[in-house]
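As written, the chain order gives the labels A, B, C and D, with residue 1 at the start of each chain.
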C-alpha cells in the first residue's frame, strides 16, 4: 500500500531514506531549507515544496530528519511550520536524534491538533541508509505505530518497538550512539597501547575483528582508528558531541553517573575546539595525542 | 603427529585444555599444586606428576596455565621448577595472562638452557575452552612457533601469530581483556540509563544484541548485565583486576593515558574491596549502585 | 548612607544577610515564599511584604538570594514579580548562584525597564554570612556597581569587581564552588588512602591543615571528611549538584573539558540518588564507599 | 649538640639541606654520584667522599636525598653501598620520596646491621629548602626519632611524627604531593573555564588567592597556571609522575579507587610523552590544550 508521503530534511541521511521511500512507490513531496539539495529527488519524481507547511499538505505520513532539537522544533512550530498544516489523522515519523523530551512535547502538541508523532530514530551511516539496511527503533501511540511500521520496512532491515512513550525510542538511540562511542574509545586505547608496545595497529585490529569483536561496528569504526584516517566525514564531531550531551542530559535527569560518557563528551569537545575536519570517530586521536604520537 | 606433552596448572581453564590435548592423542603428564584436581584427567589416561620438574621429564611440549605472574615464575624457577628439567629443544607454551615482560624474561632464561618459551595466551571462558573454540594468540621464536602451531589447533578455532617477541602476544591478550571490560561498562551505563528512563533493561539488551552489537561477547556478558545476575563465576573479580593492573602497567611503561582502563580498574577494585562473590562482570554493579538502584 | 532596601529570599543565607543590612541601618522590607521565615526579621524591625512586587515598592536597592535559576526567574518575572514593580533607577543585587546567562538575560530585561541588575554572588556558609565575613564578587553596569558597593561592605570582608558583564561574577562563583569541591575530593582520596595504609585520618588531616594547606577552607571541610561526619547540613547535595551542573553547562558552551568537575558532579549525583541527608561535602563518602570502608 | 653527619644526594633539594646542616655546626661529609655538584659545599667546609661507604664512615647521622627508589636502593645496597659501612647505632634519615615499602624493607635491613632508618620525607621546593622552611614528616623506631628530631629542626619549620612504621611518613608524603597536584588541576580547569567565558585568568587567580584560597601553595602554583609559564623547573614532570605512580601503587595495594589521582597521573604521562621541558605544574597545559587554547 502506498501513501502520500512528505519528507523534510535532506541531509546525507535524509536524502538516502527519501530515495528509498520513492523506490517503494510512495508519492513523495520533499522539503529542505537549502532547496538545491532536493534536485536529485525531483529528477526521480518527487515534488518539491517551498515551506514545511506546503510539504505536508495532504500527506498521510510525514518524515523528518534534521540535525538537532532546535531544527526539529523550527520545522514543526516555526514560520510556515508543519504542525498546524498536518491533516487530521496524519502520522509524523520523527527520525532525528533529539532529546526524548523533545519528541514527548511535540507528540503532545500533535495530539492536540488531531495528528500524531511517532519517534523513529535510525541507526546507521549514510551508506547504510542508501542500502536500506538501517536499524529502526519506534515508540509512540499504538495505532499510529501499527500504520507506520509497514512503511518503515522500506528503510531498513528491522523495526523494533519500544511502547507508547515516544521518548523511549530516543533513549534507545542515545544509548546506541553512546555504545558506539565507547567501542571507538576502547579500540583507540587498545590499539595505541599495542602500537607503543611495538605491535602493528593494523594487525591488532585485524585480529580482534576476526575473533572476539567480529562485528560490522567494530570493523567499520575500527578501521578508521587503526589507520588513523577519519575520512570521509559520516557525521561531524559537533553532531555526535550534541548526542553525547543529550546522553548526559538524560543521565543528569535520572541521576545516573556515566563515567565513560563523560570521557566521550570531553574528547569530542576537544576535537570540536581544535576545529578538526574529521569524522566523529576522529576523537580517537585524543588518545594518540595524549600518548605523544 | 602426537607428542609427549606436559600440562601444568589445572584450574577451570587448564583442565579443559588438557582434556582436549588428551583427546587429540598426545601422551599427557599433568601437574597441579593441589593434586586432587588431577583426578579426572588421570581417569582419562593422563599421568600425574608430583613436581613441575617431574612433569616435564621427557616432554617435547610443556603447557602452563596459572593465575598470575608469581605462580608462573614459581612453576618455572621455584623449588623443583620446570625450567632446569626441560629437555633440550623442548617448547614451553605459556598460556597464562601475565605481564609481557614476564614471558620475555622467562623466554630468555629458557633460551639459555636450550629450550624455548612461546607465549600463547587464550581468549575464552572455561566453557569455550571445553568446546575447543578458544582463540589463541602466539608469539616467540619462529622455529618453535612452527612446531607448536599444529598442536594448538586442538584447543581452539584459530591461532594468530604476532612475531618473535614473546611479550607481543601478551600485549594482545591484555588489550582483549580491556576491550571486554569496556564493552561491559558501556552496557552497564547504557542499560542503567535506559532503566531509569523507564525502559526495560532486558528489552534494550535484546535490541542491541540483535542489531548493532550482534556478537557473542555482547550477548554473553550483556545478559549478565541486563539481568544483574553475575553467576556462575567464570573468572573472579580479583583475577581480572590483576589483568587491568597489567594493562595499566604497560600503559605506564609506554606513556599511554587510558581513561577507560582507569575506570575499569577502579570498579574492579571496589568489587574486590566489598568482597562480592560474583563473576568479574559484576563490576557493572558499580554503575547501578552509583545510580541508587 | 542608608536606603530603602528590599530583601527577597530568606533561607539560611538570605536571612543572615538581611539581618546585617538591618544592622547597618537600612530600612528593610522582606519577602519570602514561606512567610513564616520572615518572623525573626520582623521582630527586629523589618517590614514584611506578601508579594515580590509589593516588596520592591519604593526600594532603591533590591537583594535576591534564592535556590536556583527557576526560583530567581519566578521572583522577577512570575505573578506579582519584582521586575515590573521596580522603581526607575533602582538596583537589583542578584546574590543567588545561577547560570551566568540567567543574570545576563535578567540584566537586559531590567535595563529595558529603567532599572539595573548587578550580579553579586557570595562565598561562605550561613555562619560566615551571619558573621558578615562573606567574600563577594560583583559584575554589571559600572554606575550601579559604584552605588551598590558601599552597601555590600556590610555583608562581608571584601567586594571584588569583575567588570560590566553581569555573567562574569557568576562564572567566578561557579569556579569557586568547583574548586571547593575539588579540595574536598582530594582530601577524601588522600585521607582514605592514608587510613587504609594504617594511618589515622584525623592525624593526617591535622598535619596538612597545619602545614601545606593551612587554610580555613581545608580546615573546615577537611574536618568533616576526616571525621566522616557531615552534619549540620550547610548546603544540601542537590543544591551544590545544581552548581556543578552549571559549571559543566558553562564548560560545554565554551568547549572546556573538565575531568575533575565530571567526577564531582557524578559523586554528588550518587549522593542525591541514595537520598543521603548530609552536607554536600558528604559526597566524600563515595571514596570511602568505593574503598569498601 | 653537633654530630658527624653524612649527606648523600646533592640535587637542588639535597644541596640546600646539606648547607643548612653545615650552618647548624655539624661536621659534614658529602657524597654525590656526579662529584662536581659537591664543590660548593666543599668550599664551605664539607668533606667530599668518593663512595657511599666512605661517606658514612664514622657518621652518627646519615641523610639521603635521591630521585627514586632505585637510586636509594643502589646507594644503600649497591657497590660500596652505605648500609654495610654504617657504624653501629648510626641513624639514617631517609628523605627521598619513595614507596612506603622501600623504606620499610630498608629499615629492616638496617636493624639487622645494628643501625636504624627513619623515614623523613620533606615538603617544599628547592627555595624552601634553602630558606630552611621545609615541613618534615618523620616515622620509624622511637628511640632513633628522639635523637634525630633536634637535628631536623635545622632544616625546616616543623617536624611531625607518624609513629613507628617508617612507611607511614612516606604515605603522608605521597598524599601531600597528590593534594598539590589536585589543587593545580582544579586551578587549571577553573582558570581555563573563566578565560573561555571572557574573564582574565590573572584576575581570577588574584581573587581566589586573596580570598578562599589565600595560601602559599595556591599562590605559588596558581601563578604558574594563571600565567601559563612553567619556569623555572622546580621538579621535572617525570619525577612527580613517579610520585603519582607511587600513590596509585599504594591505592592498588589497599584497594582505594582514586579518580583524581588517575587524572593527574595521565596528565603527567602526556606531559612526559610530549617531552615538554617545564616544571611539573605544566601538566596544567593538558586542560588548556584540551580546550583548544
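Convention: contacts are C-beta pairs under 8 Å (C-beta built on N, C-alpha and C of every residue); 3 or more make two chains touch, one makes a residue touch a chain.
A quick note: this is a predicted structure, and the numbers were derived from the prediction, not measured.
> Which neighbours do chain A and chain C have in common?
Common contact partners of chain A and chain C, which must touch each of the two, are B, D.
> Starting from the defined contact criterion, work out which chains touch chain C and chain D both, please.
The shared contacts of chain C and chain D, listed by label, come to A, B.
> Which chain's C-alpha centroid is most distant from that of chain A?
D
> Quick one: which of B-D, C-D or B-C reuses the A-C interface, over half of the residue-numbered contact pairs in common?
The chain pair with the recurring interface is B-D.
> Look at the interfaces A-B and A-D and say which one is made up of more C-beta pairs in contact.
Comparing A-B with A-D, the pair joined by more C-beta contacts is A-B.
> Between chain A and chain B, tell me the centre distance in angstrom, where each centre is the average of that chain's C-alpha atoms.
Here chain A and chain B have centroids separated by 38 Å.
> Please work out the Cα centroid separation of chain A and chain D, and write it as a whole number of Å.
For chain A versus chain D, the centre distance works out to 53 Å.
> Counting only residues that touch at least two other chains, what does the list for chain C look like?
251, 255-259, 266, 269-270, 273, 290-292
> Using the touch rule from the top, collect the residues of chain C that touch chain A in their complex.
Residues in contact with chain A: 245, 251-252, 255-259, 262, 266-267, 269-270, 272-273.
> Could you list, by residue number, the parts of chain B that touch chain A in their complex?
Residue list for chain B touching chain A: 100, 123, 135, 137, 158, 160, 162, 165, 167-168, 171-172, 174-176, 178-180, 182-183, 185-187, 189-194, 196-199, 203-204, 207-208, 210-215, 217-218, 247, 250-251, 254-261, 263, 287, 290-292.
> What residues on chain D touch chain A, complex-wise?
Of all residues in chain D, those touching chain A are 266, 269-270, 273-275, 289-292.
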